[in-house]
Amino acid sequence: MEGEMEGVPIILVVEDEEPLQEIVHDALKEGGFDLTTVASGQEAVAMVESGVVKYSALVTDVNLKGPMKGWEIARLIRQIDPAFPVVYMTGAAAEDWASEGVPNSVLLEKPFAPAQLVTAVSQLLNAGSPT
Amino acid sequence: MEGEMEGVPIILVVEDEEPLQEIVHDALKEGGFDLTTVASGQEAVAMVESGVVKYSALVTDVNLKGPMKGWEIARLIRQIDPAFPVVYMTGAAAEDWASEGVPNSVLLEKPFAPAQLVTAVSQLLNAGSPT
Amino acid sequence: MEGEMEGVPIILVVEDEEPLQEIVHDALKEGGFDLTTVASGQEAVAMVESGVVKYSALVTDVNLKGPMKGWEIARLIRQIDPAFPVVYMTGAAAEDWASEGVPNSVLLEKPFAPAQLVTAVSQLLNAGSPT
Amino acid sequence: MEGEMEGVPIILVVEDEEPLQEIVHDALKEGGFDLTTVASGQEAVAMVESGVVKYSALVTDVNLKGPMKGWEIARLIRQIDPAFPVVYMTGAAAEDWASEGVPNSVLLEKPFAPAQLVTAVSQLLNAGSPT
Amino acid sequence: MEGEMEGVPIILVVEDEEPLQEIVHDALKEGGFDLTTVASGQEAVAMVESGVVKYSALVTDVNLKGPMKGWEIARLIRQIDPAFPVVYMTGAAAEDWASEGVPNSVLLEKPFAPAQLVTAVSQLLNAGSPT
Amino acid sequence: MEGEMEGVPIILVVEDEEPLQEIVHDALKEGGFDLTTVASGQEAVAMVESGVVKYSALVTDVNLKGPMKGWEIARLIRQIDPAFPVVYMTGAAAEDWASEGVPNSVLLEKPFAPAQLVTAVSQLLNAGSPT
């Protein structure tokens, strides 16, 4: 009765490696999300700052070719929006999550199944919506 | 060894708008659930009260054309079964969840992805089963 | 940038009944997991002990034809790896979970939807990964 | 270095029976909280609405002599502040919490130990502070 | 308005070593709980079975002089009451909790502060009360 | 039966302001904890690094006179021990917790009651002990 549900949540993905871009793209699409994929932290932060599109969550690789790691990207975006849901993906850097991650974030260790990514994003959105 | 697993959990859906009925139907079916969709709170409460079918969870829109809002439907069904899992879907009324929702419920803000609905129902069923 | 993501998590499934083997297989594959299915607890424990394949989680029926129930299988595997994620599937034995289950495990009551299994495994892997 | 810590959180208590007023008063004081005790829901809601004192949490009996039950008091205060921490105290009405309580509230069944009240308030304040 | 709050929750403590009996006694009394201390699992299980006194939680040492360890005591009591709150205390046996503990229990590693025990019991009682 | 419980957990406190040192000291002592108070992050990190005393948790003010803020102290100590429990105390900097805090930490907003500090430390120790 509230009018049609238009659109779906849009996830901001930071990934600079093609095979992983595809895995993340396919998993999120399969779960019914939309997404924008960028290859660097600078682009990601700029897009959240601009506010042109309302993103619902950040999914970021930890190690990227550019100067900004995933840890820093999440911190900068949380400065803009303290409740922004964050999912990190990493292979080698899992042990750094406890010191470099932000509170209430999820770490996906590579290799992960697509369902883990979709569940992580869904849990953060569902838990974060009320109050 | 316990004999074949027959049937799947049946979700009771209260939705009076057709496009959303379809989105919810497709998402739950895709997740492997069965569902019964009714368009009003009176029907929903009557079906739980009759006990003819054993429903596993309630998924209800908050704003409906009939006299009963989703908040009231959930309260009436929780009076019948205090452990009944509840998922609300809403666009405009998200801010009322903190005062009108029941404990241990999940609020999905529109627009949501189908995976969020399936994850919400699964989490409530998985957490609620033991003890 | 960390190199391609090779492989996916491999789930160890203990199920001796064919229709359920298939349901579990299809659900986990659909979620993007790999799996090894064995029909007895002895095989399951031996495979974790050997360490030849690194399993990420245990999904076990509670009642099996062999001498070992799911409760015992989970305890033996937790002695080898105290952080091993555990999901039990049961129809008749749900009330025993509170006394026979291990901490931080999930119980799926039959009948369950495939999405519940995938969500349970994903939640345990996502929560268990850090620290 | 941020200047002295002045004051402590002030808890708003709704209780119209003297022995319980005293138990709650002594428990909260022992835990280091300040409190204001009123005997009716009207007074409680008026005090939160006025905003003269900044209260940190509501501790309310469910059954009161006045027309407003604890369930209604909590709903009205959550309409003013959706993140307001809520603790209910009840003997006979525990079974109604699942249908009448607000999300993220705690129910203390009488008889309870003073430490349970202090822990409930502390948990809600600690969890509620960030984000 | 529901009549005076008579009594407080009574905790069942299994401890056969005097200095620890005293520490646990003083901590629980300080938190406002009553307690019954027994030195063996047989006595503990018999007292829950008899139902003469309604105990609210079990606090048990893991290693005891008698034939029954804390792990077994908790399992037997959970067979009688699947929702019974359980706190284990242990020094050497902490690593066995993941395979021998029951779901939704708390492990206190020795040495622990009295406040940890009181918080553990309070959290389990507060969380367990509703639904 | 495991031999007497000797000692209690020792908390490492970083606070450079005297009135707060006293409040924290009295609260932790009242809860049954021991503590070492230092006035700077350098000292705190050096003491954890040296390993001479085994500390059980960090309680740190966010704003300190020295060059190191509480955010940085927690990150450095988590690099040494990824499971180290962390409690921040702050007045002005609460909004930075979402971007500067570490995962699974607790933020206490000033003014807080002594019971909140004791509950926060107890919860982190109780939850962190197993697995």
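The first chain written gets the first letter, and so on, giving A, B, C, D, E and F; residue counts start at 1 in each chain.
By definition in this document, a residue touches a chain if its C-beta (ideal position, glycine included) is under 8 Å from a C-beta of that chain, and two chains touch if they have at least 3 such contacts.
Not measured: the values here are computed from a predicted model.
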Same or different contact residues where chain F meets its copy chain D, judged by the half mark: different
Counterpart interface for A-F, drawn from A-C, D-F or B-D and sharing over half of its contact pairs: B-D
Distance-maximising chain from chain A - centres being C-alpha averages: E
Maximum centroid distance from chain B, chain identifier (CA atoms): F
Distance between the centres, which are taken as Cα means, of chain D and chain A, whole angstrom: 37
Chain C-chain E separation of Cα centroids, rounded to whole Å: 30
Centre-of-Cα separation between chain C and chain B, whole angstrom: 28
Residues of chain C whose C-beta touches two or more other chains: 82-83, 97-98, 101, 103-104, 118-119, 123, 130-131
Residues on chain C engaged by chain A in the complex (per definition of touch): 1-9, 30-33, 118-119, 121-123, 125-126, 129-131
Footprint of chain F on chain A - complex, ascending: 74-76, 78-79, 82-83, 95-105
Footprint of chain E on chain D - complex, ascending: 16-17, 19-20, 23, 27, 61-65, 90-94, 97-98, 101, 106-116, 118-120, 123
